[in-house]
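Heads up, there are several structures right after this.
Consider the two complexes below, in which subunit A is the common component and subunit B and subunit C are the respective partners.
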Partner chain A sequence: MTHAVPGRPRVGAIARKVGGHLVRGLAMIWVVATISFVIIREIPGNPVLGQYESLIQKGMSPEQAERATAVLYGFLPTGNLWEQYVGYMGSLLHLDLGRSLSTPGVEVTTLIGHAARWTVLPVLAGTLLSFLLGVTMGVYAAIKRSGKLGDMLALSGSLLHGVPVYVIGLLLTAIFATLWPIMPSGGPVDVEFVPGFNAGYIGSLVHHAVLPVVTYTLASYGGWILAMKSNVVAVLGDDFILAAELRGLRRGFVFRYLARNAILPLFTILALSIGMLFGGSIFIEQIFNYPGLGLLLVNSISSRDYALMGGTFLVITVGIVVANIAADLLYTVIDPRVRSGGAA
Partner chain B sequence: MTVIVSPEGAMRPEAGPPGTTRATLRRNFWRGVWRVLRRKPSRMAGVVIVAAFALMGVAGPLLYPAQLPRDDDALYAPPSLAHPFGTDFEGTDVLALVVTGARYVLLTGLATAVITVALGTLIGLVAGFHRGRWDTLLMRLTDMNLAIPGLPLLLVLSTVWKFESPLEMGLVLGVLGWGGIARAVRSQTLSMRERGFIEAARGLGLPTRHIIGRELLPSMAPYIAMNMLIAVTGAVYAQVGLFFLGVLPFESNNWGVMLNLAVFNGGALTTPAALPYLLAPLIAILLLTLGIVLIVDAMDEIFNPRLREE
Partner chain C sequence: MKRLAAIVALASIVTATACGTTGTTDSAQQGGGVYTTIDGSKQINASAPINPFNPVGSVFSGYNGMALAWPKNDPTDPNQFYPAIARSWSMSPDRSEVVIHLQPDARWSDGKPVTSEDVRVSIGLAYTQGGTAYALDPKAAGAAADIQVVDPKTIRVTQGANRSSTFLANLLSTVVVPAHVFGKLLPADFWQTLKVAQHGQGAAAEKAKNQITGLAEKVIAFDPGHDVSAGPFVLERVNPGAALLKRNPYFYARQNIAPAKVKILNYTGNEQIWNYLIAGRLDNAPFTSVPTAVMDRIRDARGSKVVKGYSPVAVSLAFNQSHKPYDNVHVRRALAYLIDRAQVTKIASPEGGTPAATTSGIHAKAARAWLGDAFDTLEQYRVDPAKADAELKAAGMTKRGGRWAMPDGSPWKVRIHVPASFSDWVAAGKSISSQLSDHGIDAAVVTAADYTLYLGELADGKYDLGFWLIGLGPSPYNIFQRLFGQANGWQMFGGRLRHVAPGTEGNWMGGPEKVDAGAAGTVDPGDLTSRLNFASQDEQKRIVGVLAKVANEQLPVVQLWDYVNTQFVNTSRYTAFPPDDDESLRLSSGVWMQLGMIRKAEKGQA
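== the complex of A and B ==
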């Protein structure tokens, strides 16, 4: 656009970009932390103050009760709003999210750490699979766009893009766990296996992961196929494809030319897709009884464990923000056009 | 649901020959719509499906008594002629539950769509038209709106707010969801404000309100209408999902409540007996999505004539 593409990325521009992303990401996390602080404090009955008062009634001194409540929620129940807020933010800086109320004494960060892998691994697997599937199908849908097959593929994309995650998950379970029970209906693993690195346990883990991962995959497949199709249609009009066809290149080569040029813009969708899957994880984990972050959040709400609720909400948001930034940076690194454009 | 599309807006780029009246333009436009719909029966199906759901939302609750009859002898009855989708855990006809539950779900969808589109369009227009400081500020807000995960926030909000009426629910969902439309409308506005007819209007000294309302908005109407339809599905999705997760109190019957009861009380995922009770609302959601997707697809073709010939 402006000048010739330089051979190497300019370090200054990239640093500025990374800095900008970091600042924006931190601002986002700060906003969400503030929201969760306000909500925990403003919940009818003010659980924090309630805890403090019930401890005093049990015979604790105000200082003891104050300290105990602060350990639970990460901030002091007394003092003015500003002091409470500063206290809360301070403990967040120390990565202290307070302690769980429903599993007494356990730190919220520990619970979240245990749950995170049940969310992150399936989300990553689903993202990868749906990417591969969506991109391949997208190219076909674009090439065959005037035929029946292309129509069907595009429609499958629009439909799956529009259908809620839980509908996909529930239908899959209804078919493969209830009507034709070849898959387990819930839980991350069969209880009879000893946890560890043995064939039975790992096989059971994989068996239980199939339906959740397929659900993640189908949920974001629609976005990929639609985007890939429109990118390929745009590239199809370019001269170099015509040239390749005139040179009599085999279809496989033309296919590769197409895919390479159409795939780059998809990395912006990566961020969206990961965000969507993190959001969808709440439903998927609920349906498949998978002990990840989403289930933790829902359970913390139904057991009124507000410290855990605030912490989980915050961590899910941070996960999405980080995924967004990473996808954006990845895009900058691999697409020379964006790179040369400097900070955007 | 009627999609209100301003015909003169759709025709703007070609801006008919002098002497063409608006009535003719309108007639031509509707003829075009009819042609596109007829060319592929699937699109007609989309219109029919959405119309049927709209009818269900309006008339559904009138078809049945306020208190649906229960039949203690037929708990989880299998599908039959009398009960096409069987009965639920207290012997109530599942089809009746789906039909009467539609109003709540669709009303939320409608309210959300209106609020999403109004907010998104307004913010996008102001940002794109005024640019400068307003633009920066509004786009920061938009980024924030886009990046904060809606569903977890809704879950957390459900502890302080009970979302009692469909309208309240629609308000919350709308306020959370305008980001995408704002961004899209802004980029449309940015490209459009440099075009001839807008510059001409500015050169004539027409007031900003006129330029935005009469010149910019109509050209974007099709796009906005499409987004509105998509917002409806999004809202149905979110709201049914919240009820399914069981974080909202059950006030009345709706599809999400049915899903929740079927899965967590009826054991529909382990025993086939409650399966029809689970499948009925799922099929309703699938059909509604399908109808809207088909219409959006058709609209795409109506407003992008380039897509018509391939």
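== the complex of A and C ==
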């Protein structure tokens, strides 16, 4: 007969839990891959015709446009839907996402790889900044909820939570890139700088990332502050806070008790938000012409690039599934109540 | 909190550094500065190879991408070109042979001379992509049959039996790549295989054709790693936001090139181009649709100027004649009499279009050149509600309670389809529907989610009326194939024309195969259009006259407005841009530079 050690889950239990998550995650990925495969191929519209007409409208002669579109036509998927599905799943097993239609001759994995690096850092920075700012301000808003500071902080959260991200982005662009042009309005870095670990290039990277990161931070900040404030207010009524105050603990300790307990539920959302990184932020990337995964997805849809659409959907799905599993495991580790429950 | 403060402080320092350094590299300050523009024909794709055969490759026409010659913006003659890699050319009177003389001083950016062998390899690579002069089908109009290197700077190209009037134009548009970089893509027996594909018979010919087209994928995907260009610039670097090109020291007309570098900015939508222009960041931007309010702000930017010229494109409202009541010419004419084209243009495209003078299928400037005085004899379809009523009555339509109905009394609902992403077309559609509603016709605009979907549904015959681009000159065949080509049932198979039934095989316009053309008798408009490919100049004029009259009377479309090529230039940093209506206006800034335009602006010149 074995006994569980409180607060320390058994290795076997953890392995079972991880295994279960992996199986469920893989099933989820398969379902999403299948659904996206079918939906993508059912989207109406002929990409070849669209490409031809677009080129003509841009002033290209019909011969030139025909030649350019013939190139695309040669890469359209062939075979019936079932054959395409079997081929698609077979390729996935080899981590082969196929070749792009809109960028002929280039692997989808290459395109996704290039786009991912422009998404992950800015969105990660925006997520973490908004989390830190929102959580900190949320605690203050809860503690000072009867005062003006608390009201102002809560109001800022409500306002920013209600304003759509593209409105924030467009406002910042109008102010800082057009009216008072101190910030670049497009692209991830100034092409004049030689890529590498040098001050000019890194400075340019940061300069171009400022507006997208600020937009993302402002757009997400409202959610964090409101959630944190609500959690802190709930924790404030708990007995252990009253006990701590009666014991005469310093305000700093009470604050730490509050924050640690109130922040726990937000970790799951944070983990999921990080998983969503792989989807990028479509509106932000469009507004700032930031060439991340969100923009790649939008462009692939408008050009009916089946392979690229499927690949991008899949990467986003995998990101979310992995984040989900990580969030669940993280919760097991950081919350003693879940840990002991799991071991019981 | 201390950590947060440290992160914020660090970010501030780096941001301040960036603000102080952007655009101030040493190279940007030397020589003729950095010329900034966008490429209107494609968006930058940093993942694509530096390869002109890749449709999104990092090769920019006129900068690091060179053709044999550059087309002039002539309203009627598609064979008018400026020299480029080809210094001069001559065509035999029967169009069977073209001899091309290359620039004697042309060199690639690695110092090697540009030779006839480069052109021959480029033509070989073009065959793997198919189309125009390089079709593998020997019956295809205007196909090149033989390529001969006469000497290192002279090449002769012979046209096949089915001689096209646009052969020279298609030949001169050939993009030239270095044989010492791209030549390895062609197998050693390529030219022998090409001969079998073009002149052989049966299975051997088919196998040879498959071998050549099978090379297409390899050619498109080829990535040379670094750029070797014969143009005025060579690609230095590209990222998703921009491409940077530096001056090619070996360019044959390097004395004409003022800027030391060119920066081509990427864009994802018109709004970004507007912002660049308002901020004065672009030295030139090609045609971009601009609302009046934005245009005013662009004009306010220091040094900003607008250059306008001819653009051989018009927009029309096309009828699906398979659907009632649009199969009746009187209904089509009635709608033409009810649409105020001037008002539609004023609302939809005040800066980028002029109201169509009439509806002939041709842009007004080209129409006058083709038709002369006959242009004025065409019915103009000025707004005339009385004539519209008479036409509707002639079609058997009835008016009850102030609303027009179908001949059988059922409601007549005019549904105008447009892609939602084209704001000017949506505005035009709304203007037309409003005008028709004022005349008792139940009309509304229906939008498709995007252009791809729109074209797919249009081709599937799902729409009654839809917007359609026409008048794509200068080749008269290109102009009329939009009205009497594949979309109207005429298809070319194996060099033979056939007409397919309305509603089948992409025939969504559904017009009759033969029509009464008055003095010209009963004509087959598709056959006449096809003949424009081969006809002499005089015969072309006669055919264009007949087809314009047929288009004017039968109204497969109502021509709404003719586009105007509206370019933006900024004279703060550079000057000597082409003037209004210049023949080079539709070419890139890189070609303008080659032609001796674009000089550094003196201080205070803007």
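The definition used in the following text is that the second predicted complex is superposed on the first by the 271 of 344 C-alpha atoms of A that agree within 3 Å, B and C clash if a C-alpha of one lies under 4 Å from a C-alpha of the other, contacts with A are read in each partner's own complex, and residues count from 1 in each chain.
By definition in this document, contacts are C-beta pairs under 8 Å (C-beta built on N, C-alpha and C of every residue); 3 or more make two chains touch, one makes a residue touch a chain.
Bear in mind the structure is a predicted one, so any value in this text is a computation, not a measurement.
Chemist: Please indicate which partner A:I14 is in contact with in the superposed arrangement: first for subunit B, second for subunit C, both, or neither.
Modeler: After superposing on A, A:I14 lies clear of both subunit B and subunit C.
Chemist: Counting residues of subunit A in contact, which comes out ahead: subunit B or subunit C?
Modeler: Looking at subunit A, the partner in contact with more of its residues is C.
Chemist: Please work out whether A:M89 is in contact with subunit B alone, subunit C alone, both, or neither, and reply first, second, both or neither.
Modeler: A:M89: touches no partner chain.
Chemist: Contacts for A:S204 in the overlay, against subunit B (first) and subunit C (second): which applies, first, second, both or neither?
Modeler: second
Chemist: Is A:T136 in contact with subunit B, with subunit C, with both, or with neither (first, second, both, neither)?
Modeler: A:T136 contacts subunit C only, not subunit B.
Chemist: A:L330 contacts which: subunit B (first), subunit C (second), both, neither?
Modeler: In the superposition, A:L330 touches no partner, neither subunit B nor subunit C.
Chemist: Look at A:G105 in the shared chain and tell me whether it touches subunit B only, subunit C only, both, or neither; answer first, second, both or neither.
Modeler: second
Chemist: If you stack the two complexes on chain A, which partner ends up touching A:S146: first (subunit B), second (subunit C), both, or neither?
Modeler: A:S146 contacts subunit B only, not subunit C.
Chemist: Go through the superposed model and pick first if A:G187 touches only subunit B, second if only subunit C, both, or neither.
Modeler: In the superposed model, A:G187 contacts subunit C only, not subunit B.
Chemist: Once the structures are superposed on A, label A:H114 by its partner contacts, choosing first (subunit B), second (subunit C), both or neither.
Modeler: The answer is second: A:H114 touches subunit C but not subunit B.
Chemist: Hey, what residues of subunit A end up touching subunit B and subunit C alike?
Modeler: 44, 173, 177-178, 185-186, 286, 302, 304
Chemist: Under the touch definition given earlier, write down the residues of subunit A that touch subunit B in their complex.
Modeler: 24, 27-28, 31-32, 35-36, 39, 42-44, 145-146, 155, 158-159, 162-164, 166-167, 170-171, 173-174, 177-179, 185-186, 275, 278-279, 282-283, 286-287, 297-298, 301-302, 304, 306, 309-310, 312-313, 316-317, 320-321, 324
Chemist: Per the contact definition, I'd like the list of subunit B residues that touch subunit A in the complex.
Modeler: 42, 143-144, 147-153, 155-160, 230, 233, 236-237, 240-241, 244-247, 259, 263, 268-272, 275, 278-279, 282, 285-286, 289-290, 292-293, 296-297, 310
Chemist: Provide the residue numbers of subunit A that touch subunit C in the complex, in ascending order.
Modeler: 44-47, 49-50, 53-64, 66-68, 70-72, 74-75, 102-106, 110-111, 114, 118, 132, 136, 173, 177-178, 181-182, 184-195, 199-200, 202-208, 210, 286, 289, 291, 295, 299, 302-304
Chemist: Please output the residues of subunit C touching subunit A within their complex, sorted ascending.
Modeler: 1, 4, 11, 14-15, 17-23, 25, 27-28, 34, 40-41, 45-49, 53-56, 71, 129-132, 166, 170, 173, 213, 216-217, 220-222, 237-244, 263, 265-269, 272, 275-276, 278-279, 286-287, 311, 313, 450-457, 459, 469, 472, 475, 478, 481, 565, 586
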